[in-house]
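Shared between the two complexes below is chain A, which has chain B as its partner in the first and chain C in the second.
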Partner chain A sequence: MKNLGLNIKYMFLETVRDKGAIFWLLAFPILLSTFFFLAFQKLDAPELTTIKVAADPNNPYYQILETIEVLDLEQMDEDTARAELDEENLTAYIKADGSLLIKKSGAQVSIVKGIMDQIIQMQKMQLPPERYDFTAVYTKDEAVNLSAMQYFMYTLIGMISIYSYFTAVTSFSTYQANISTLGARLSVSPLSKGTVVLTSAIVSLIFCFLSNIIALLHIQLVLGVELVNNLAPTILILFVASLFGVAFGAIISTSNKLQMDGKIGLGTTVTLTLSFFTGMMNPQVKHFIEDKLPLLAKFNPVAIVNDALVSVNVLADTAGIYLPLVRLVALSLLLFLISMIWIGRRSYDSI
Partner chain B sequence: MTVYKAFLQLTWRKKIIIIPIVGIFLAISIIITVTVQEKQSFEDVSLKIGLVDHSESELSRDLISYLESGNQVHLIDADATEQKRGIFNDRYDLTMTIYENLEQNVLSGQKAVGMIKNRQSAQAYFGEMKVQKFLLFSKAAYENGKFDTARVREALTADSEIQFLAADQAETENYVLVYFSSGAYIFSLLIFLAVGMVMADFGDEQLQLRNEVSGKSKLSFQQELLLGQITLLVISLLPIMLYPLVPGGNMTRIYLEHLGPIVLNVALLCVAILSIFNFIYSLSQKHTTISAVGNVLSMGFGFISGGMVPREFLPDISLILARFFPIYYYININEAIYQPDFTWGEILPDILIQLGFTCGFFALNLLVRHLKQKQWRAVKN
Partner chain C sequence: MIIEVNGLTKKYGDLVAVDNFDLQVAEGEILGLLGPNGSGKTTVINTILSLLRYQSGEIKVFGEQLDPDRYDLKARIGVVPQELAFFTNLTVYQNIDYFCGLYINDKAQRRQYVDGAIQYVDINKYRKFLPKQLSGGLKRRLNVACGIAHRPELIFLDEPTVAVDAQSRQFLLDNIKNLRDHGSTIVYTTHYLEEAEYLCDRIVIMDAGRSIASGTANELKHGITVKEKVTVTFDQDYESLEERLNALSNVLDVHKLDERKYLIRFQESNSNLKKLLDYFSRQGINFLEVYNELPSLNDVFFELTGKELRE
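Presenting the complex of A and B:
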């Protein structure tokens, strides 16, 4: 036990002194989240209030359009409207025949078109106006505040939590004879491989967990994006994610005899792919994977972390996170077990 | 050509890791285009609606059938939490729950459909408008104890005409544009990962010491190294560049029509990033550091330059920062290529800036190496 404590201490110091590790742990999450913050600031459109449209005052539809709340109607002739449309100061110009002049498609144009369609369709229904009950509202709304910035930041946290595999790759590789001189010396020393694995795992876990916490603190406190509403389950999710990050790093490190650059490249590619499948670059990809490859979606660690964080912090649904987290822990233990087997069998004819 | 041959030998030795990386990046590029919808004319908003039907009446079926025209309606069996998750994950623009007693509620003017929507979503407002209109018309057409939905459906086929300000607004977006826009990040990261992996072996201290005392000039060494890197890049990028020829149809047609500018644009980006990579490599040979820097630069600038997010959604500060990396100019060129009034003169400034990045970082790289060599000689003496 004393040896284990000493090993942990030395490995911890070794990791702290490694500039590459510090970059991955501190600078990487901070820089990437800052880039994300810059990219997604304007993605949340302001709440829809009114849509700017124009029509000639002699337009037969003018009086009807004036009564529609969502439209901000201006009097304008067609030539002026063309200039305003080109400058994008106007969404649509409504002509006397009911047609719309627009610059480009979009949700607001569709709403204006929907209103004009309704006027034309009511004419086609050929029913007296008193048959229409304009006072009745048939829909009951529940409007929720959901932000695209939050969506992308949760996927980023998901990715960063798995990206912490890097520390584990470094730690586990330190003890491999073909990677470092320390590893070569250790492989002929009486130090048990179990101690080696345990030391690497504990140190990596501490670093991974710290990295995730730092990323979260940076996003929440420095960038001001509210991600944590439910602290205790969030900490639990990040801890389990770190555990997986370590297990993933262990498997990357022990599954092959590649040099460090190969191991890092392999880990980076797998992590990016899993993040991509979680919808980090395009949310539609997440749905595509969920629909076409449901098993992959179910066991994708980045997706599990992302969904769990959304559940507890956005949807206030804590009960739903335990099964996916158990799945993630089971996956981590499986990877650890395989790593142990590989480490146990590892021998070198030449280094 | 000793350096060039050595580079290729090292590349061959790393094939087991480089081939899967290229394969995965190709798959990512393909999946991105699969999720894109092509716009060729006026595009009415196509809503993604998650719908729970508790009524299962004739009126509810007619309402669903109406919503299905032009929208993606997913009949689901999900509670409110899962519906909100679907909206948060952008699976749905809004969700609707048709109440069990839909018909009675419509007749008595009561709430008949529950909706969950994002407060900020104009799409959701549009969806709500559609439902309200259908039920308003249905009630108006209620006669002799039944809803005359055939009449309603017939009336709903009428619509207003749309005219674009400029006649050539159509086909402004296509698969090829999206494929190569999102490709910027992939090209950049591929350079840092694949070339970085081979270059890691050149960073060996013993090898560097031997290079310092060898008779080969620095310039010649760098030229051969660059040639090797470009060879590796061409091979790695070939599958990504050839893929648009596979699906046929519009994608292949647009790709072939714009092949020259596309290839030039990709080449300019890759050479510029390669130059930046070599500069970073001259400062640090540690693959872990290069990989981290490559990840941050590629993904970060990929996002803030408009590679993943349309530029109209990006704040000014992002676009100003993005100008410090070649991806921004690559996206500029990529967006200009498909415009009907595209001219080479229009993209000339962007081409020159890309060349400026390449030459500038190549010169910086040589300068750092020269200074390091000088330092090494001073230590030796």
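Presenting the complex of A and C:
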């Protein structure tokens, strides 16, 4: 492993000064996540359909209830309300003591219940009702589930980690005689295969990992989409994801005789396909793949990364991520091994 | 022999780029591969360097087969490829330092070698420049520096002076001689006759993938039938002049170059000019200008192929 330090130093410099690489690694994820954020914001806005409730005008809570936007309050006596509840024209009737008259439970009922609990609580504490933010109850209740926005952003992170194969393709291809004159020149030097693979892998890994971290920071801090609840395992997942991205780039670079444009196109196609299988465009696809092609689902790196991020940060399940991550590391090492064989110090029919 | 190539044939598909080619390069010499565009010079070099597979033949470098993973042999070689090849985002210094570092581990020695190479191609002013900030000729010089900085035993230079201005070219050629004087063996390709003649200890002339002649410049020139060339411009038209000139002794052939300008080629070079001038005065033929030349490598090439090497 002669000259490894020298190779890493200069390959790092070569990459960091390459505006194209920096764009794809750093700017592109930011632009892409912002773009999807804006597109999703509309879709993801909580549905503010109001909840039909009723109360007697003499009900002591009547005035407060009138001020709550979520509630569509009607004046009604208890008997009429019972009939309306039967007809399902009403979600709940609020009695004078603050208790609810309902026909069946559900999300809307629990929202009304939450609101009433808060009102009663505040009255006990003698707080003025203006101090209470009723919408918070409402939205908090909804946020227990993973929003479509969050799900998408996790998938995006998974995709970006693999998308960083781009640097790896560039780096690995630098050393190949049939890609560039520089590659030919390096091929006639005493630079060994091992040094080539290690240099490319380490330098690309640094950039891929950075790219992931920056995307994550941007989504969480700038766009304000809550993604990270558990930092350490999240970092681990991103690191493994980057490792795979690099291994993937190594294979894209070494497995075929395509020129650079072709290799990049091939990589993008595979990345988008894997993201598609993870349900990025349509969540049904993911379930379909899990059902019909379980092996692909198991080894689909975008899905592994996506699932791991969700389990760690949403479901608070850290133990479950290790096996899939080990699988991903194993897959990456295998790809490195193959690319090491393929990268050649070999002779070509034509360069 | 540092390099020995026997019966090398290399095809690209159906195209025979190198055809039963032989080459011997002795230690400490500058061997020139001279040939027109597409004659196979670069292909020969890339095949010797094991970048290219070949159909038949035998290649030995330092007496051994240079397989792609013979890093020990590659460590003794330096290559200046015909096409520019360096890192676009590294400075001049960093590029040379990188390539030198692939061969030289010791840092102090490397610094000294890199500085030496920078002096060699005279780009000290541009150390901190990125390649894109360099002119075409300066890029060429950087390309050379990257290939020779580690002071290799064997150096391949593939048309290194294309696009380099006359003054820098002379400087570069002298420094290449200098490399040889310090013990390097050099394979130098070019299609410039003057360069080959000035620089090379021995020349192999290539055409259509074949080696058509080899030897020192003098041997090559002596090897052809033409030994002397005289160009005369007459003051007027003389009757059946071309036939009369052709009939003179030693004359090989006569070419009409211009209205009254003729090139007379002789097959022996003993006092042709004097005999010719005597003949003119005897015949009352007057001329405006006359001069003689010894044959050039171009004549060698022309005689062997029927084509001019010069464009």
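Remarks
Throughout what follows, the second predicted complex is superposed on the first by the 246 of 351 C-alpha atoms of A that agree within 3 Å, B and C clash if a C-alpha of one lies under 4 Å from a C-alpha of the other, contacts with A are read in each partner's own complex, and residues count from 1 in each chain.
The rule we apply is simple: a residue touches a chain if its C-beta (ideal position, glycine included) is under 8 Å from a C-beta of that chain, and two chains touch if they have at least 3 such contacts.
Remember, it's a predicted structure, so these values are computed and weren't measured experimentally.
By the touch criterion stated above, A:Tyr165 is placed in contact with neither chain B nor chain C. In the superposition on chain A, A:Leu13 makes contact with chain C only, while chain B stays out of contact range.
Contact with chain B, but none with chain C, is seen for A:Ser99 once the two complexes are overlaid on the shared chain. Look at A:Ser187: by the touch rule set out above, it reaches chain C but stays clear of chain B. Using the contact criterion defined above for the overlaid structures, shared-chain residue A:Phe248 touches neither chain B nor chain C, since it reaches no partner.
Within the superposed three-chain model, A:Phe209 lies out of touch with both chain B and chain C [touch as defined at top].
Chain A uses no single residue to touch chain B in one structure and chain C in the other. Residue ranges on chain B touching chain A, taken from their complex, read 14, 17, 20-21, 24, 27-28, 31-32, 34-35, 39, 42-45, 80-81, 84-85, 87-91, 105-106, 109-123, 125-126, 128-133, 135-137, 139-141, 151-152, 154-156, 158-166, 169, 172, 182, 185, 189, 193-194, 196-197, 200-201, 286-289, 291-293, 295-296, 299-301, 303-304, 308-309, 313-315, 317-318, 321. On the side of chain A, the complex with chain C involves touching residues 2-3, 6, 10, 13-15, 17-18, 177, 180-182, 184-193, 344-351. Residues 19-21, 23-24, 27-28, 31-32, 34-36, 38-48, 70, 82, 85-86, 95, 97-111, 113-118, 120-125, 127, 131-146, 148, 150-151, 166, 170, 258-262, 264-266, 268-269, 272-273, 276, 279, 281-288, 307, 310-311, 314-315, 317, 320 of chain A touch chain B in their complex.
Against chain A, the residues of chain C that register as touching in their complex are 12, 46, 49-53, 68-69, 71-72, 74-75, 77, 79, 81, 83-90, 94, 98-99, 101-103, 105, 146-147.
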